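Going in written order, the chains are labelled A, B and C, and every chain counts its residues from 1.
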Amino acid sequence: MLKRFLVWLMILTLSVGMVSFANAEETTTIRVLWWGSQNRHDLTTKAVELFEQKYPNINVEIEFTAWDGYWSKLSTQVAGNLVPDVIQMDYQYIAQYAQSNVLADLTPYFESGAIDISNVADTVLSSGKVGEGIYGMPIGTTARVMMYRPDVLEQANLTMPVNPTWDEFMSISKQVYEATGRTNIVPSDIDDLRFILRDYGLNLYSDDGKSLGFDDPKHLVYLWERQMTAVNEGWQLPVGETTALSMYDGFISDDWAECTHWSSELAAFQTGSGTRLELAMYPHSSDATAAATYFKPSMFWSVSNASANKDAAATFVNFFINDPDCYDIVGIDRGMPVSSAIREHIAPTLDETSQRVAAMHDYLGQEGMTSAIMNTDIPAHGEVNRLFADYSEQVSYGMVKDLTAHAQAFIEEANAIIAEKSKN
Amino acid sequence: MRSIRQTLEKESVAGYMFILPIIIGLIVFTAIPFFTSLYLAFTEYDMLTAPKWVGVDNFVKMFTKDKLFWKSFWVTFKFAIIQVPIKLLVSLGVALVLSRNSKAIPVYRATFYIPSLMGGSVAVALMWKQLFAYNGPINNIFSVLGIAPVRWLNDVSTALGVLIGLGIWQFGSSMLIFLAALKNVPASYHEAAIVDGASPVRRFFAIVLPMITPVFFFNLVNQTISAFQAFNSSYLITSGKPLNSTLYYGVHLYNRAFTFSEMGYGSAMAWFMLLVIAFFTALIFKSSNAWVYYESEVK
Amino acid sequence: MTAISARKPRSMKRARQISSCIYHVLVVLFGFGMLYPLLWMIAASFKPNTEIFTSVSSLIPKTFTFENYITGWRGFSGLSFAVFFKNSFVISVIGTIGSVFAAAVVAFGFARLRFRGRNVWFTLMILTMMLPSQVMMIPQFVLYNKMGWVGTILPLTVPHFFGGGFNIFMVMQFIRGIPRDMDEAAVIDGCNWYMIFLRIILPLIIPSLVTVAVLTFIGSWGDFMGALLYLNKPQLYTVAYALKLFSDASYTDFGATFAMSVLSLIPILILFFFFQRQLVEGISTQGLKG
């Protein structure tokens, strides 16, 4: 009896030992890198712990930074051949990294089902497309919107339509200023130029990425003229008279509405400014022929092309897209989840602010409210962006007499930069 | 055994023994990155793919095409020429004031050092912005005095000045070095001069100043090099605005290298800056024969 | 003569008192200007996040809260700031020891000994300091990566033992200000170069080494770039690095950032207080030749 028991015991220990031995042998380690702030670092770490529990044979090493410094760190790691297996990626950089062969095409993992995309809309998925492959799995979506202070509008006895035209936006701004003294800003960075172009079905860059996507200076002239009107009418502060010190105290110091933010940032701006903010769509031209607003992936998970553990990396990505338990932890920290099943799953848990963001996304989700996102930015974008800022600054300093000629000069100079950079 | 010892005691061998750490440092840690960056200056390198040799293209582009290259060069030059002398005089002045004997001195010194302790932090950037904001404290003082408010950080004629002011205000480290130098002036010299009836001002110029010239020389070189390499204040506070009037060379270099992914071009810019700094440093070294007094070299 | 000296002390004493009074008033006034950012940051660290910008120039919080310190100290992914402080401390202490060692030894070699190649090595050392550091970042990373040092504190500490051109140059200037009489006397007594360094020069350059120590420690303590590039594991993150982790592209928890910034200043302030005593007598009564 005892003997038999001992034999069984031996077999048992041996097999347990072998299982654990096998496990030890199969354990793979993947490195994951992301940017974010305290909340994201905490939540993601917890989600990673859950992942390791669910997949005991995959060990995850985490690294995180702030946004500031992230790209220096990543490009340095690429230069040193020390690329993390899973990389949080931004729309602005994905093309450059994909074209440089740093990222792996995820299509095979979609086909094998390793990354389940059955609940992800094609339009969303295709935002990670560069050339023929998909190099980034969108994690969440966001949209450029207007944030405004309802209390100021109320004071002036005005309301903001959900989908305002520029004329409405300008006239409301003027009336608010007259009634309350609160100012507003005509948004005028390169993304706003994008919106103006998209009103007419145009893009900032041509499809082949070898030039700007437009040659008519009138679009730029519109943008700058609107800005000058606002300053002349008094409801936009001239350069240097704003008292805002950081991104979101504009709502406290001078402004009552801002069109330069993303829907996913609502909670941050409410906390930062300590006021309740409401959302409206980004204004559009009254003669617009297309919907300018688009859903943008707030960020992607990309997999390193040099990774030795791509399968494990894909498992991780899938976990972060489709696992309800994961979303019980992370919520909408990285934007509205891309999987419709997950969106349903977390809907009841959303707080009031997140619910309003979700409602806005539902509104935008209706037919005709948005159009597809433009191609990923070309490598010369950083330089073109900088050039545009310089040209706009000259306008706001009143240094430009002939806006059309100024716009023409920008178009020529930008095209020259793009041509130079896309030579090779 | 004996011969090893004798060898080690020879001046030339001992010299190398003492400077061995820096030789190792230069060969192991510095040489490869230093010359790699020189190589990169002749390439096109986006950091994601291998560098491509382009000969002197980067330098040609720098001197002929890039408008902001010369712009940022002159901004930096102006910055250095104004900031370095003022900062040196201020730090020496404060060091002199804080080198007397008093119970409160440690607290004072710490106080005057705090701006430098806080360095290039977000808090300093925000605070400085707030100080010079349109409705900030400085303009408030102006309005009391009946002077119209100034758009400090948004006016081409004042923005660089505000940043230079920030740099001068962080004079702590050169003050600290001057303090150490002042401590090394032997008291006996002072006593002798006091017996001779020399006034404090005369004592300063006749005794203290000559004795601290070596350290003054060091601070001058140090501050000149770091002024030409300035980066933080522009990057954190103005990002080159308005109209690129505060675009330091270092910031332009950083934008080019990292934001525009042109590390090859950035390296070329860096090597040009090295030549400029080397030129000015060489001038300072040459001139030092005329005004720096070394006690050890007096016979 | 006696008449004059009998009257002089009293009027001189009063004059000295008045001048001392003016001195302290002026220093305190200027001191406030110097202290303003710190006071501002301390005040902000006790304000709720929403108040930091609504009452931006006020040095007294309307609502006094410790919340920022609590959220801040919590740190990231289960690692509190205690860990980051410990890491910063280890790195800064090792780096400081390295810098002081290298500065003392190498400066003595350059400043006191005559040997072939001295000027060449000195020039090389100065020259390498002139290259803007941004372009050294990547090649340096590649090098340390090949050495297998990335992800450890080695790249942030070991090079201090073999470098620090500015420190070396500074200490050199101090040594060159020391007359050679004592060396020569020591040589007659049978001292070799190593003994001269240890017995004569080293005690005399303590003030400059203290300065090197303070400057290096503070530099190391505040080094963000090095930590960003080389410390991959969160368990190794330093305070300077962790302070930035409160900011995302669109959101910065300024309250927590300021609270932890205030705490991060405490160790270096204590260090400064402790070491500046070495420079406190002002006009020296010791050292050099009497």
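Basically, a contact is a pair of C-beta atoms (placed from the backbone, for glycine too) under 8 Å apart; a residue touches a chain by one contact, two chains touch by 3 or more.
What you are looking at is a predicted structure, and each value in this text was computed from that prediction instead of being measured.
Taken as a graph of touching chains, this assembly is fully connected, with contact between every pair of chains. Chain pairs A-B and B-C differ in how many C-beta pairs they share in contact, with the greater number at B-C. Distance between subunit A and subunit B, defined via averaged C-alpha coordinates, is recorded as 39 Å.
The distance from the centre of subunit B to the centre of subunit C, with each centre set as the mean of the Cα atoms, comes to 15 Å. The multi-chain contact residues of subunit B, meaning those touching 2 or more other chains, are 47, 126, 130, 136, 258. Multi-chain contact residues of subunit A, defined as those touching 2 or more other chains: 72, 75-76, 79, 245-246. Looking at subunit C, one finds that residues 56, 138, 142, 247, 252, 254 touch two or more other chains. Residue ranges of subunit B in contact with subunit C, taken from their complex: 8-9, 11-19, 21-26, 28-30, 32-34, 36-37, 40, 47, 97-102, 104-106, 108-119, 121-124, 126-128, 130, 136-137, 169, 173, 176-177, 179-188, 190, 211, 214-215, 217-218, 221-222, 225, 229, 231, 250, 253-254, 257-258, 263, 266-267, 269-271, 273-274, 277-278, 281, 294-298. Residues of subunit C touching subunit A in their complex: 49-51, 53-54, 56, 71, 74, 76-78, 137-138, 141-142, 145, 150, 224-225, 228-229, 232-234, 244-254, 256. The part of subunit A that touches subunit B in the complex is made up of residues 71-72, 75-76, 78-79, 96-97, 100-102, 239-243, 245-246, 379-380, 382-383, 386, 390, 393-394, 397, 399, 424. Every residue of subunit B that touches subunit A in the complex is listed here, in rising order: 44, 46-49, 52, 126, 129-130, 133-136, 151-155, 241-244, 255, 258-261.
Within the complex formed with subunit B, the subunit C residues making contact are 20, 23-24, 27, 30-31, 34-38, 40-41, 44, 56-57, 101-102, 105-106, 108-116, 118, 121, 124-136, 138-140, 142-143, 159, 161-163, 165-166, 168-170, 173-180, 192-194, 197, 204, 207-208, 210-211, 214-215, 218, 222, 243, 247, 252, 254, 257-258, 261, 265, 268-269, 272-273, 276-277, 279-285, 287-290.
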